[in-house]
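Below are two complexes that have chain A in common, paired first with chain B and then with chain C.
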Partner chain A sequence: MADTPAIEITGLVRRFGRHDAVNGLSLRVQSGRCYGFFGRNGAGKTTTIKCLLNLLRPTSGSVRIFGMDPRRDEVAVKSRLSYVPDNVAFYPWMTVRDALDYTASFRAKWNRDTEQALLAQFRLDPGRKTTHLSKGQRTQLALVAAICPEPELLVLDEPTSGLDPIVRREFIRTVIGAYQDGDPGRRTVFVSTHLISEFEGLIDEFTIIDEGHERLTLEADTARGRFEKSLEEIFVSTLEPGGATA
Partner chain B sequence: MIEKELRALLPAWTACAVALVASARGVYPLNYLGVPAYLIGMAALGAFAMGHEYAYGTVGLVLALPVPRWRIWTAKMAVLLPMVAALTVLATFAVHLDTGDRTFGAALFLLPALAALFIAPWLTMVSRSALAGTIFTMSIVGGSMAFGEWIGMARHAVTKEVDAFRVAFLWWTVGGLSLVGAIAGWRTFARLEMADARGADVDLLAVRPAGAASTTVRRAHPLVALVWKELRLQQLAFVVAAFYTVSILAVALLRAGDTTIDIASVLSTFYMLFMPALTGSLAGGEERQFATHDSQLLLPVKASTQWIVKTAIAIGLSYTLAVLLPFVLTRWMPMRVWISGPVGLFTPQVLVATLGYGAISLYVSTLARSGVSALMYSIGAIVGVGYFTIRIALGLVDEAFLRTRQLTQLTGGHAGGHPPPHSDMIWALPLGGFVLVVLWLALTNYRYEDRGPTRVVLHAAVVLALIAVSAVTMGVVSAL
Partner chain C sequence: MRFQVRFTSGKPVYLQIVDQVKLAVASGALRGGDALPGIRPLAESLRVNRNTIAKAYGELESQGVIQTNAGKGCFVKDGGSPYKKDARLEILRHDIDAAVVQAHHLQIGKADFLKLADARFDAFQQQRDQAPHE
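And then the complex of A and B:
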């Protein structure tokens, strides 16, 4: 089972009424990799992630996480991943401490040292109510709650939106990097974003989608070598009319 | 702007209108739902005029519009006023009142309308929650009735003057507060700030002050954490129960030996009908409004387990607060004050109705985007399902009974049997099946983020077909 992919999506279609949000998408993410999922707003990134996490039912196609069906093997799948949505929310009566305690109650593992380090790094006051946190601070808190259980798969949907540039850099280089370095080869990051330059150095492989279709899937190094451009430039040129997808 | 307000309020208005029309057909016990539906619908409609901005996270957008705030406020009121007026007119035709006191009837119809226009939007802005605005508005009206009775009794003892005093007290308190609300509501809106976070500013069950957090992780058993979270979601149900208890105690302390239909009966009937709908609505609707639904589903606990905990807490609280609390109050009260209206306590009908109401509102809450919209649609759905069951399904029972008996006679068989009773525990089995099916359908809504209209129509068809098939089966079995 060593080569079981962390994520495997085959022919995914998700339709809302007559609109195909995702149309025949396939991708495969090997364990231990940092996988970029790039696309414009409305390209179908969030819908794909929600199908992946069993928050939406695919119209057709299949999704597998660690070789398991997220619908049938619900708890086994959810125990091995953490998700940070694009719009983070907490129960309004909770403090930062309460939110972390609540999340920790459902997890087999909880790294207290990581929690303390991240709270200090993000300057989050444990006694502060979550309703009094800014959007960026709520995202930071969600990241702490996602990383402390040390999941094998970290799914991030536009994680840097709302973060200031300093925190964004810290988050990407220190937090994501340190998370993967904690258990190299086993911890996988699946990150959906359109701020590609921010993740340039971390991404091992990526898929660009547009209007629910896969436009380009490549190893990051191969792409740079082939196009002699940064990932962001490749993204832009791919999505331009008559873009370079060859 | 007018169109946006109209579209936001129309579903809630329609739900209330459906409930009023269905209750107007004079079918027992739906005819008793008219007044509660009107009072709840009015308060919720008024609260939703501002509350939909909180529910949909559009407060910032509306405040940032390049128009003066007075125009936004005027647009809201311009839409709310005719809707409230239309419901009031509808209610005067639809709602049957036992009392011959016309002044009380006028107060009962007009004061909720004033409260909906002026008190509910103001309290919604203060609490930043449409549901809290609804409940506080209803509590003001209900509390005024109870305390009017209490003070009236203290001043006039058991005389007819109490009724006149009660009506005058209602006008002074609710009317006066409406006037305050009209001014304060506008002032609050003119100074309204955009709060970044969604959800209410109401935190009534805080066990420790913010800022007093420890630095170490305190992990609870997952089920304990879920139960505690569900109880926190239900905090407004506890508030309503507290208001009810205080009101009943206040009235009872001065009403020795009197068993006539009085204000306590009205409050209790209303409360017992309202509480199951409220607990069901809070269970699902509030999580959607807080936008915590997705993250909750991704906790490593089965969605079905989470749903069972949610359902158990909501229905358990329904029974505890809507049936057990009134029972305890009557048992331990020094004076006899109790319901002599449509229902008694701990009768099969009450227990069954509480379960049915709770199940329907739990289902509706899995479709709603906020607690208050869940509450409003629940009232409409409860009355709608009740109307279908009583007017159509029970008609089918009789029809099936007669047809089967005629057929048996024609074929020379023994044509016996008794017509099936319409209000007996014989209905426990189909009702149990109905509740289980509704809760199972609700789980399919709860489990996923999307709530497409096709699925909802399919669910409605399944539920209505189940009721109809159960009814026909009952008729046939009774005839044989």
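And then the complex of A and C:
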């Protein structure tokens, strides 16, 4: 069982009308690793993630999470993962406290100590209405709600876009600290982003996706050693017309 | 000690940390018995994966630079490499070969090379002697 990848995508195709948003993507994420899923806006990142979470049905190909089909075994899969989307929304009548209790009511586990520590770290007032939170605070609240159930897999879709640099850094520190430290061998992160420099140190391995196709998959250290560039520079030169690393 | 990682150097991040600890020990900035930062705080402050720090500490431990005390963290070892002298000389030979090759291409002769090696040995010794004791 230890060898079952956290995520395995094989020949994934998702078509919208005549447009192939994802066109034959394959990748595999080993348990306990931080996997970067890099692409420009519109490259197919969110479509892929929605297929992983059974929010979209693949046109063809297969996705497996913990070796299971997220459509057939939806509850089993979702009880072991958390998802932070790029645009976080809560029920407008809820306070921070309500929103956390509501989320906790769906989860088998909920770490109260982590919750208290993170609320204090982010200076989130439990009595505050979620509608009165800034975008950064809403993302922080979503991260608290994602980490407290202690999931084996954390799926992050452009989590830091539109946030100020301080909030971005704190977000990443929290993923490294509060999330990853809990049970390191079984804490997998799958993060889609085009803000690569901030996630640079977090990434063990990455795939660059462009127009629904995989362009480059490498271990981060191997990539930096081969190109003598940061991951962000590798990303840019891979996708630039006539890019050197393409 | 302060760690610094550069993502543009082409050198794996865990090796950058390994080399910085080894340098700190050789120059006396870290001494036998000194504690290294915990994995989580160091990972958070450098914003690198905790796997990277764990890998660096694992490498330092296998090289005999540090030791892990269960529940207490990692500490700089008081001398005592796990390898026999032959093996240690063999490891060093590779690094010296690289320096000799570099010297050749820089047209630095044996005498100057040995003089420089001598001076560097003394410089590190001096740094260790002057490093503040706890």
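Rule of thumb we're sticking to: the second predicted complex is superposed on the first by the 237 of 246 C-alpha atoms of A that agree within 3 Å, B and C clash if a C-alpha of one lies under 4 Å from a C-alpha of the other, contacts with A are read in each partner's own complex, and residues count from 1 in each chain.
Convention: contacts are C-beta pairs under 8 Å (C-beta built on N, C-alpha and C of every residue); 3 or more make two chains touch, one makes a residue touch a chain.
The shown structure was predicted, so the numbers you read here are calculated from the model rather than taken from an experiment.
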Superposed partners chain B and chain C on chain A - clash or fit: fit
Which of chain B and chain C A:Ile172 touches, first, second, both or neither: second
First (chain B), second (chain C), both or neither touched by A:Thr139: neither
Partner with the higher number of touched chain A residues, chain C or chain B: B
First, second, both or neither for A:Tyr83, with chain B first and chain C second: first
Touched partner set for A:Thr193, first chain B, second chain C, both or neither: neither
Chain C versus chain B - closest C-alpha approach in the superposed model, Å: 26
Interfacial residue positions of chain A with respect to chain C in the complex: 32-34, 169, 172-173, 176-177, 180-181, 184, 198, 200-204, 221, 224-225, 227-231, 233
In the complex with chain B, residue positions of chain A that touch it: 16-17, 50, 53-57, 74-75, 78-79, 81, 83, 85, 87, 89-93, 95-98, 100-107, 110, 112, 115-116, 125-135, 142
Partner chain A, residues of chain C touching it in the complex: 5, 7-14, 39-40, 43-44, 46-52, 54
Touching residues (chain side chain B, partner chain A) in the complex: 195-201, 203, 205-206, 210-222, 224-225, 229, 232, 290-292, 294-295, 297-303, 448-450, 452
